[in-house]
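Here it is, the structure in full.
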Amino acid sequence: MTDVIAFLGLGKMGEPMARRLLEAGLPLTVYNRTAEKTAALVAAGATTADTPAEAVSAGGVVFTMVANDAALEEVTLGDHGFLNRLGEGGVHISLSTIGVKTATHMGNIHAKAGAAYLCAPVFGRPPAAAAGQLGVAISGDPAAKARIRPLLEPLSRRVDDFGDAPGAANLVKLAGNFMIGSAIEALAEACALVEKGGVDREAFVDLLSNTLFDCPVYKIYGDGIAQSVYQPAGMRLVLGLKDIGLVLDAAHGIGVAMPLGSLVRDRLIRAVTGGHGEDDWMAADVAAREDAGLTS
Amino acid sequence: MTDVIAFLGLGKMGEPMARRLLEAGLPLTVYNRTAEKTAALVAAGATTADTPAEAVSAGGVVFTMVANDAALEEVTLGDHGFLNRLGEGGVHISLSTIGVKTATHMGNIHAKAGAAYLCAPVFGRPPAAAAGQLGVAISGDPAAKARIRPLLEPLSRRVDDFGDAPGAANLVKLAGNFMIGSAIEALAEACALVEKGGVDREAFVDLLSNTLFDCPVYKIYGDGIAQSVYQPAGMRLVLGLKDIGLVLDAAHGIGVAMPLGSLVRDRLIRAVTGGHGEDDWMAADVAAREDAGLTS
Amino acid sequence: MTDVIAFLGLGKMGEPMARRLLEAGLPLTVYNRTAEKTAALVAAGATTADTPAEAVSAGGVVFTMVANDAALEEVTLGDHGFLNRLGEGGVHISLSTIGVKTATHMGNIHAKAGAAYLCAPVFGRPPAAAAGQLGVAISGDPAAKARIRPLLEPLSRRVDDFGDAPGAANLVKLAGNFMIGSAIEALAEACALVEKGGVDREAFVDLLSNTLFDCPVYKIYGDGIAQSVYQPAGMRLVLGLKDIGLVLDAAHGIGVAMPLGSLVRDRLIRAVTGGHGEDDWMAADVAAREDAGLTS
Amino acid sequence: MTDVIAFLGLGKMGEPMARRLLEAGLPLTVYNRTAEKTAALVAAGATTADTPAEAVSAGGVVFTMVANDAALEEVTLGDHGFLNRLGEGGVHISLSTIGVKTATHMGNIHAKAGAAYLCAPVFGRPPAAAAGQLGVAISGDPAAKARIRPLLEPLSRRVDDFGDAPGAANLVKLAGNFMIGSAIEALAEACALVEKGGVDREAFVDLLSNTLFDCPVYKIYGDGIAQSVYQPAGMRLVLGLKDIGLVLDAAHGIGVAMPLGSLVRDRLIRAVTGGHGEDDWMAADVAAREDAGLTS
């Protein structure tokens, strides 16, 4: 396992993950669409490449962590995409949250090229990435999973295997994001109720997020919603809206109605319309505030 | 503080709470509408009373933990109700989850009688009650709160004070129950999605409830929903539906729209119609299962 | 049938209905809580009474058209209520939209007094009342219905009999109001969509309300919503909200989930919070406008 | 205007529309994917073509009435598509209900070919088509609209012009279908309420659809829903679901939240899951019936 590993996409999550791999002593070639983001990693020992294709080696391993389905298709299959070069025996570990159709399509196209496509979306925000404490859901070809398993050690505190279907882990990730969006809506409505009823919303959230809801989602989003402070944006609202759209597309495509998912989407659309697209997606809170006539 | 304390209502939550007080060495008189439930506590040292009124002492302290607003009014104000006897200087610690209007009305009527009405709803299920690990939200008259504060020690791991308004703590409790109902719906829809998408729902919940949602609500309800096993009923569905009704009445009464609350109620109504009224309220899950065409 | 008929409640609907009865040559005694509203009818030949009780004759016929359940109970059973005087053989034709529980209670209490309680809510707005073109839904005791049937002629173009249960016709009325509220929401969302998509909303409504939706509800509310003009208030929004609350109480009381009803209520609450309580209830439109980021 | 006119797509709506054109004395060439559907029209004087391309003449006029976006792209741009042959000066009158993106794309691609693309979706069901009593919403190039205006006479009782943007009329059609879906849901919930409350649902609908809701949508769907008879399928449920999907895609694409639209979609998904995909889309009624515990 002394091959050079490629890591494509150095955003808020990708950068600290690449750094963890470097710090674990793994040889790493990095690529990012805007090249200046590679500087710090190069200073830490990484090599850079000018294109996705140049970053990978034949039969090697490549991680991708990009913004959306289109970006994934571009780095993989575009003019400078890596798949042709990766080729027979290569493994693509796709960390991004994407649509189910794209995941299935990716699986097929890699298979034709003799490569393996593994969905490996992660659970956790940037600080967890920096600490190597992510949760990883993975699915895809068993041999490829076995081969790259050690590479996940520096990144995660837990790896859950969801079987051989390339899209399975991605569906798990989408369902998890739906659950976060639902928790945001529940917190927002509950806070609007207690505040209008004369109760301090911070005290309310403090009690709940230290008893029945004593977990990261309710602590992180609970704090922000209790204070109605939606920055910094760990997850930008427009991206949250995109993900909920992917969830609902996946659900509707297999005949599953998700009324709570629909509600979450409608609240996020309203928040974008209200100018909160670049805030954290807990800014869906503004809808509940407005409905209750609370001024921020 | 050597007065005899009265405890009225020995259901799934009341019984272990009364036992904790006894075990802490406090003299206790207990009352329950169906008298046989008092036997075990009597064996452990409690005294019994034939009526609510006979259980209390003038100017003393009484806990109530009953099923609903009507039961609370009955034990307090009914033919054998205790309020007249409790009278001047007495303190009523109301642990039940009730409507906001009833809480306000109770506050007024106790004030007229010279007694204090404290709302002190609890967070936690029967095992937490048995272990003295409940969360308590409390509100009402400051002097009364100070007086009874030591009595909450054997019951709780945390007491949060929500001020002087008698109904405030009750509103907090209602909002908390709304959040639980919302988490149930989120779990149900997410599980329906992943199962129909070919993913093992138990593996999905195991991942989520040990990472982002690593807290009691998601563990307890996550297990049941993942397995679609809705017994034993820690909280009967008909009672959950009643509570969500109280939440929405409270919200609508002060001009707060709660669309997620409305969704949760509609799912619970549907589950009652489908014959799940006596199951745990996580049986709201059946609606999501049916919508996805999953057979149980 | 030469008895004097009593008519209690001379609001926007009651006044033109009373006038129709007068113009049909029927002897009429009228009563209104604020007495000045009786002047025009007195000029047209009506007698007035100082109290509800004085307006009725023993064994006679009394119409009531009042604002809500409490007002109905007041004129019927209050200090100056008419039921004791009406007594054996009397018929109470209740035109108001009230709750199902109140209707049932009224039926029982009249039966005890030897009188008949007929629910006879009307469909139509003030101009239809003035033209004697209302639709009437009626239910209750068959003999009483037969006796008062001729009195409905001057008021209506259609009388539909829903059987012997006093509350049945009232449920029909509530369900009809739910359908109107739903049509308002549909118009509001459709108009927001087409306007933001660059289409003239008035032209859109003009097409729809003259083809597939060529009926009074879509013409009346379609015009107002297309122009976002919510005055005059044929039905005040706070009353619309009250009625939808009665619908949902009735539904939930018998185990019927109505998600569209819940949505309509949430939109109306939001409109009240936004200051539109005294506008016509089509002002629910503001929620759809806001969601789409349309400025009025 | 003695050019031969092409008509492509002879389904439940297309066939009677083509027949109206023939009966008006217009020379017509017809094409249908399954050729046997052309026989009756040939007997009535039409010519047939083996492919879409062969059906049109250079610079001529072509009507299309096909099932969905993909079918429209196939007949227009596929291997045997007509656009190349239609070419400069040709006019394509697109009667189908399609997505907003497809409509815009079609507009652009026709413009490049020197032809005009007119959206002209119709309002009405097969009997209205057969009677030439459809409503037509039209938008697109003014000169092209003027040229083909006389051809709409035999088809419609009303033509509404929504301006120059090719997609505008299509958006109007989508919004109209949303309104129909909403009316179905309102009828279904209202009927479930009254039936469970002991009222005859047919009598209820008869009253409403002859007074406040005295219009085609409430008569047609009201009858079916009152009787819970969902055949014959004037509009198949799977197609209704597709259309509501197009509505929501259009809305979400321009930042408009439509919670009632989301509700209607969820009910339709559930009805498909329950086996009603080939029934008329008023079979969304089954969700309301199930929610109320009514057996069919």
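Some notes on this structure:
For reference, chains read A, B, C and D in written order, and residue numbers begin at 1 within each chain.
One rule holds for everything that comes next: contacts are C-beta pairs under 8 Å (C-beta built on N, C-alpha and C of every residue); 3 or more make two chains touch, one makes a residue touch a chain.
These figures come from a predicted structure and were not determined experimentally.
Contact with both chain A and chain B is made by C, D. Chain pair with the larger contact count among A-D and B-D is A-D, by C-beta pairs in contact.
The centroid of the Cα atoms in chain B and the matching centroid in chain D are 53 Å apart. Mean C-alpha positions place chain A and chain D at a centre distance of 40 Å.
For chain C, the set of residues that touch two or more other chains comprises 255-259, 263, 266, 269-270, 273, 291-293.
Partner chain A is touched in their complex by these residues of chain B: 100, 123-124, 135, 137, 158, 160, 162-163, 165, 167-168, 171-172, 174-176, 178-180, 182-183, 185-187, 189-190, 192-194, 196-200, 203-204, 206-208, 210-218, 247, 250-251, 254-261, 263, 288, 291-293. The residues of chain A lying in touch with chain C in their complex are 259, 266, 269-270, 273-274, 290-293.
Against chain A, the residues of chain D that register as touching in their complex are 245, 252, 255-259, 262-263, 265-267, 269-270, 272-273.
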